[in-house]
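Here come two complexes built around chain A, the first alongside chain B, the second alongside chain C.
What follows is the complex of A and B.
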């Protein structure tokens, strides 16, 4: 009886570990597979300097890269101040009353909204209702809707992680709540906040559905647009991965597969750099803070 | 420098100046409070705007299509009305069934693996888990879903092609379910792991002290105790999977015909199909020129929105019960 139980225990625990190992192996394989597939394309200079072309070989990501960075910066201009302020409210002011609860539920709802629903909403509000066309601004505003709850949460967590002594000490010295937040809490939370901002920005690279509806121009031609005008339209890298596959003529673009492999590999590398970089930066800042 | 209080007029001026400073600080303090409260309130405003605008755009469809046809018919030809004077058909049964099929099979694959990750992370290998598994899982959350879809397209479909009926390329419910499972495993695993870590140690110790094996403790004590958290994780995974568009679009084939399960059995999972999100996506380039089809797609978005609200409510109910039990 006990023997049977012991065997069962060993088999069960082994199975659990094996499942986790299998999953991790699969995920690591995905990254390596993409890197290997995209290697050739990532080493080609034209990949970074030319434009996507759905009717001939030799496509590149230059305009997509420009657009991705443009939309990222523009959306972060909205996301960071509003999200940080929201995080401050939830960490420092919100109580447990019905109003605070309503605000929390709303933030949770935003965090759960499907990207494509935000895309259709963004199209209705930022494109149709304003009688304009898909643009970088509309895409950036839609991304703000998607990223806002995330930014709120990382800011709230950053402030909550601070020791209460900081807060109490500042208030006891006669500082107001606003002074305490602005001069004591925010500086102390800065490493965590920077990590949070980078992680939030990294999410922009992977967002596709919302941008497809609000900022895409579907014209994968050789006429790239490097203007600074927020009302111009343009695809991002993630959108391109979808659009290029569905629009390119296989007979006219013999290297469509290599190009898409390159885009996928580039996306993964950029996202990994953002993720790992944010964590390392956060850890380094904490370490330096401890020594100072 | 410490000011010695001056008598008479000087002190009055100082007092006024001091009071002025205090009033400014006080006003600034109140302004700051209002500003951050307004930022938090923006969340509510956006949710309201989303509901209003989706409903507004879906309203013409609600009127002209009717709920009976929309939910009851699988005859979907939304773009027939463009240009040639044809009449579109707006029965959305196929994409709705497709969404539920894809998500159900995705969760069926994801939940065992996510539970395994949570258990290994918190119970069997906590040190390795904190050092390696949790960071790895967090990094993989960041990989764009469209990239997972693309990997499915170039690596998974060729594998499934061998199992599929002749003439099929391997796309369908199974391929989409695998891609979605990989996407939502980290979500479910991290919430379940938090739930397991929050189980009072006394439960674990009591079970082990009574002579239960580790596995018996995990299966009969810890997992049941962490069930509310696991349900929350699964519901949030459901919401994410339901809303994923482009990753699914790359591997499902986008064919608006319900696979014949009775005739093909399990092979129906390898027949091209569609989902709500995919059906919305393939209308993206006709939004402005096809008002009827666009209204029908906004109705699908409204269904997705309702499912999102439902998920939030379920998570709230589950966590309230968890709090009440404590």
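What follows is the complex of A and C.
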């Protein structure tokens, strides 16, 4: 009997280990594959300094990188405050009644929408309905729609993970709920919130589908736009990757594939840096909290 | 460290009788004080449909220490946490009867809960310092009311730490995180935090259950020092602690329908030596619990 149980136990552990190993192998494989493919481009100086050119060789990512960062920052300006407010509401005020559960479900459903659908929605709402053209603002707003549920969830979880003692200790001293949230809970949840914000931002980086309709101009020419105007349009890295892999004429742009590989590698590296950076920052914030 | 362990421990160890000398100058020795600081009248409480406490009437004389003892589930924590309305946070909680603080009904809808909590401090089962500096922890209650000049803040913080017998241990590291303190120090910090807003009443919900015996005795010393200036109510599983530290003891028990009831209340010496109720005697002599 015990012998059989022990065998079962061993099989279970072996299976779990195998699954984890498979998962890890997949990740390592993707990263290494992309790094190897993009290696050549990543080592070329022009890759970082010049502009993409769909009608000739020697493209670079400079304006796309600028646009990506621009749209990322702009979208986080909307996502963080709204998402944080939603998270605070769900964690501290909504409770678990039927209405708040419905709201929570609605928010989670929003998270499952395919980004291409959100992109079309963003196009209809932020571009067509306003009689404007694709812009960084429209792209950022579409990305906000995609990332909001995630940010809400991250903030709610961060607050819920705090011990009840903090809440009670503050309220028992005569603090209002708003004071408790602002002075005790949010500072205590800061490490988790920082991590969450960075991970959310990392998702913006790789998003292409939502930007195709709302922010792109496909003007992959030699006129890079480094303006600060949110109403200007501009392609992001992920869009750039998509365009070069699908639209470039091999005769005109012999290095299109190579360039796209370089963009892919850059994207993955940046996302990895965001993830690792989020963890390190979160840990550093915890440490600072402990020794403050 | 579970509740079961503690009750069993109580059942197995003989309860030492309290010191023959009752605490000197204790107002509790007078029969029933004319005007208690805090007074519960026919207090009842429900969690949803479940009645947790039935018809408890208790007086807490100014400056006294009152211990509420009883087995798990007898409603003693509910009674305590209803005084400063902490149970309001629990969905489905309702309370009936009245709790008078200087004659004002704390359960009345018109009660200013926020202002009341500044007069009624609380110490919890687990030390719950905020993850900020020692100084900021103690200054928290003062800052809530508005801007306080730095100098005055420092004075109040230091005097609160002094009253909680913690100043000597932390005065060189007031700007360090409170989470670096030991459990006993953290609990004294929480006491200092409560004292900083100069409360008239302090409620203690098993304040020593997470502390070692030495840290426990230090808290009890502090309770004795605060006797006379602050009205204290302590809920405890530890009967020796109730006997050591309190002026009056209230014994609660789970009655019909799993609802907590007050069995007996009186001067601690009398309740432990000469309980009027058979059930009290059974409990404190360890015949059940």
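Assume the second predicted complex is superposed on the first by the 267 of 292 C-alpha atoms of A that agree within 3 Å, B and C clash if a C-alpha of one lies under 4 Å from a C-alpha of the other, contacts with A are read in each partner's own complex, and residues count from 1 in each chain.
Note that a residue touches a chain if its C-beta (ideal position, glycine included) is under 8 Å from a C-beta of that chain, and two chains touch if they have at least 3 such contacts.
Note that the coordinates shown come from a computational prediction; the quantities given were computed from them, not determined experimentally.
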(message) Taking chain A as the common reference, can chain B and chain C both be placed on it without clashing, or not? Answer clash or fit.
(response) fit
(request) Based on the superposed arrangement, let me know which partner A:126 touches: chain B (first), chain C (second), both, or neither? (result) neither
(request) Give one of first, second, both or neither to describe whether A:110 is in contact with chain B, with chain C, with both, or with none. (result) first
(message) For A:30, using the defined touch cut-off, is the partner it touches chain B, chain C, both, or neither? Pick first, second, both or neither.
(response) first
(message) If we overlay the two complexes on their shared chain A, which of chain B and chain C does A:145 touch? Say first, second, both or neither.
(response) first
(message) Going by the contact rule set out at the top, does A:259 touch chain B (first), chain C (second), both, or neither?
(response) neither
(request) Compare chain B and chain C by how many residues of chain A each one touches, and report the one with more. (result) B
(request) Have a look at where A:187 lands relative to chain B and chain C in the superposition and call it first, second, both or neither. (result) second
(message) Here's one for you: vertex at chain A, rays to chain B and chain C, all C-alpha centres; what's the angle to the nearest 10 degrees?
(response) 90
(request) For A:176, select first, second, both or neither according to whether it touches chain B, chain C, the two together, or no partner. (result) both
(message) Applying the document's definition of touch, where does A:78 land relative to chain B and chain C: first, second, both, or neither?
(response) neither
(message) In the superposition on the shared chain, how near does any CA atom of chain B get to one of chain C? Answer in angstrom.
(response) 6
(message) Just to be sure I follow: which residues of chain A are touched by chain B in one complex and then by chain C in the other one?
(response) 176, 179
(message) So in the complex, the part of chain A that touches chain C is made up of which residues?
(response) 95-96, 163, 165-176, 179, 183-184, 187-188, 289-292
(request) Note which residues of chain B are touching chain A in the complex, please. (result) 25-26, 28-29, 31-33, 35-44, 46-47, 49-50, 53-54, 56-57, 112-113, 116-117, 119-120, 124-125, 133, 135-136, 138-140, 142-151, 153-155, 182, 185, 213-216, 218-219, 236, 239-240, 242-246, 249-250, 277, 280-281, 284-285, 287, 297-298, 301, 304-305, 308-309, 311-312, 315-316
(message) Can you tell me which positions in chain C touch chain A when the two form their complex?
(response) 84, 86, 89, 91, 114-118, 121-122, 124, 126, 128-133, 140-141, 143-145, 175-177, 179-180, 190, 193-194, 197
(request) Spell out the part of chain A that touches chain B in their complex, as residue ranges. (result) 5-6, 8-9, 12-13, 15-17, 19-20, 23-24, 26-27, 30-31, 33-34, 37, 81-83, 85-86, 88-90, 92-94, 102-103, 105-110, 112-118, 120-121, 123-125, 129, 145, 148-149, 152, 176-179, 181-182, 199, 202-203, 205-209, 212-213, 216, 218, 238, 241-242, 245, 257, 260-261, 264, 267-268, 271-272, 274-276, 279
